[in-house]
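First chain A sits with chain B, and in the next complex the same chain sits with chain C.
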Partner chain A sequence: MNKEAAKELMLKMADDALIYGHRLSEWTGIGPILEEDIAFSSISQDKVGHAWQLYQLLEVDFGTPNPDQMGFERKENEYKCSRLNEFYTRDYAFALIRHFFMDHAEFIRYSLLRASSYEALAQLAKKVRGEIKYHVLHADTWIKKLGTATEESHSRMQAALNEAFPYALGIFEPGPFEQELIDSGIFIGEEQLRAEWLDEIRPLIEESGLQLPSTTNAEMGGRSGYHSDDLAPLLEEMSEVVRSDPEASW
Partner chain B sequence: MEKSLDPRIARLNIQRNEEGTPPIGKHEYGVSYEVFVQSKRGKQHVHAGTVHASDPSMALIFAKEQFGRRQHCVNMWVVATTEIFSFQYADSDMFETVPEKIHREPGGYKVRDKIDAYRKKIAQQKTDKS
Partner chain C sequence: MTEENIQKIKEIWNALKGVEDPEIPVISIVDLGIITDVTIDEKGFITVEMTPTFTGCPAIEVIKKGIEKKLANLGYENYRVELNYKTTWTSNRISDEGRDKLEKFGLGRPESHEGEPHMEDIANACCPHCGSENTELKSVFGSTLCRSIHICHDCRQSFERFKPV
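Here is the complex of A and B:
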């Protein structure tokens, strides 16, 4: 197995899960209705759980620092999350559109990884896929609902979709080891994932009365550590408690 | 307006509405659905509680996290509360059974003794054979 390639893949998956999970958690207590608040918070906990499992596997198999250190103690440019996940949430329409784009990509990624030649990663993918299946259902239900409910809900969803789409394409920013991942059977590669993702979301967007922008420009950079201005404040906030006493055991 | 101490709220930069919060209309936050949880395939669905939602598909996604998160389950039903029909508590006296009717209760049959006696007999036969 190509170790560097596997490590690179898992690191960006873990960082996506952590940063996305943190953004979801920002709705805890201020969600639109109680039931949705609980559901969104629960999805957030699932994501942070996935990040933890990936960081743990990285520690065991590749000797990276432990999950807490990976999560809270790295420099901003060491995070490999896609830019889509960094943005502070403008409104619930944006939160739901990001959720829709992100979880469809996650579901296909983890589904494909079940067949990975990297056995430990394949096992992890099998374990968490059921949770992501619910996340996708949750996103689809909301998109369909708000895409077709009222003029205001439709226009706000469409505006969020237009804004988020180039960044969603950035999820599939190719890494330095695409060919190695494909050749060694670890992963099918970002290009293929992106094609499957587009096939999956296109009919759902149409059913929801929304339109996919025609642009194919992807906002990239996140995978190589070039982030938007929103990531640094997020990391600051997320690690505030840990930094107050780095030696404490939790 | 005072700045919120919660960074999430402060970022939203919400302006206070001088006219106050508009009143919430009836059913604006959806209607209630009763949730039934099935712990194992083939077992009955058991009532677990209520969620508020705007339609059945939303009720299902809410029910999953409200009632499926902390217990094992394989399936769920949601039913609009208005589709549930019930008796009146004022009439609960009709469920009371007159004591002098023991022949109608399952305890009135002494079949348990017969089953026990039969099992004993079979067990005895097995020990005799071996």
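Here is the complex of A and C:
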């Protein structure tokens, strides 16, 4: 197995799950209705669980620092999350659109990883996919509901979609080891993932009365550690308790 | 395997029936289906393998400690609890007895599915209070990761259900 390639793939997946999970958790206590408060909190808990499992596997198989150190103690440019996930949550429409784009991408990614030649990752993927199925279900329900409800809900969803789409394309920013991942059977590669993702979301967007922008410009950078201004404050907040007493035992 | 080890493994499985999931303290981890194997190697070292219900389940560590305590109480010294995903947990792994216990506890039972739950499996729930099937899915996320929220149109109670996964 190409270790560097597998490590790079898992690291960006773990960072996506952690940072996205943190953004989702920001709805805890302030969701628009109680069920949504619970839903976002639960999905967040799943994502942080996925991040933990991936960091754990990275530690065991590749000797990276432990999950807490990986999650809380790295420098901003060492995180490989896509920019879409780090953006502060503008409003509920943006949160739902990000949720829709991101979870469809993750659902397909983990579905494909079930066939990975890296067995431990394939086993984990089976489990994680079953959880993300529920996340996708939730996202689809709300996209349809708010895409077609009132003029205001429709226009806010469309505006959020227009803003988020180039960054959603950035999820599939190619890494330095695409060919190695494909050749070794670890993963099918970002380009193929992006194609399958577009095929899957297009009809759902149409059913929701919304339109995909015609742009194919992807906003990239996150995968190589070039982030927007929104990541640093998030990391600052996320690691505040750890930094207050790094030696504490929990 | 020696007769002695076969007996020991039986004894361990029995003891594990006394370990509960702290989030649903009426069902044992054996009925829940998260214990996937118990083995003893030639040196007498015991390995209990478990697969979590959800990756982010906060009860994993508590359950692990519960298992270790049971093994210690049986007088064993060389053992470990290994968490892995060799076997994927699904709600199909919950025993019939376990499902009855969930229902008694007030949680709707997850019906078995063919490998992957479809929308109907997720939406169609039987009310644990009155047994009615005239129910409606309110939210796929409940008070813990493994529960969804439903409403019964007959007894007009809301209820939580153990999700089919």
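The rule is short, and it goes like this: the second predicted complex is superposed on the first by the 250 of 250 C-alpha atoms of A that agree within 3 Å, B and C clash if a C-alpha of one lies under 4 Å from a C-alpha of the other, contacts with A are read in each partner's own complex, and residues count from 1 in each chain.
Methods note: a contact is a pair of C-beta atoms (placed from the backbone, for glycine too) under 8 Å apart; a residue touches a chain by one contact, two chains touch by 3 or more.
What you are looking at is a predicted structure, and each value in this text was computed from that prediction instead of being measured.
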Clash-or-fit label for the pair chain B, chain C on chain A: clash
Touching partner for A:38 - first (chain B), second (chain C), both, neither: both
Partner chain in contact with A:8 - chain B first, chain C second, else both or neither: neither
First, second, both or neither for A:237, with chain B first and chain C second: first
Which of chain B and chain C A:30 touches, first, second, both or neither: first
Partner chain(s) touched by A:138 [first = chain B, second = chain C, both, neither]: both
Partner chain(s) touched by A:16 [first = chain B, second = chain C, both, neither]: neither
Which superposed partner A:88 touches (first chain B, second chain C, both, neither): first
Larger contact residue set on chain A - chain B or chain C: C
Chain A positions touched by chain B in one structure and by chain C in the second: 35, 38-39, 42, 134, 137-138
Touching residues (chain side chain B, partner chain A) in the complex: 7-9, 11, 29-30, 51-55, 57-58, 60-62, 64-66, 69
Interface residues, chain A side, partner chain B - complex: 26, 30, 33-36, 38-39, 42, 88, 134, 137-138, 141, 144-145, 237
Footprint of chain C on chain A - complex, ascending: 35, 38-39, 41-43, 45-50, 52-53, 120, 123-124, 126-128, 130-131, 133-134, 137-138
Parts of chain C lying in touch with chain A, wherever the complex brings them together: 51-52, 54-58, 84-86, 88-90, 116-117, 119, 122, 138-143, 145, 149, 163, 165
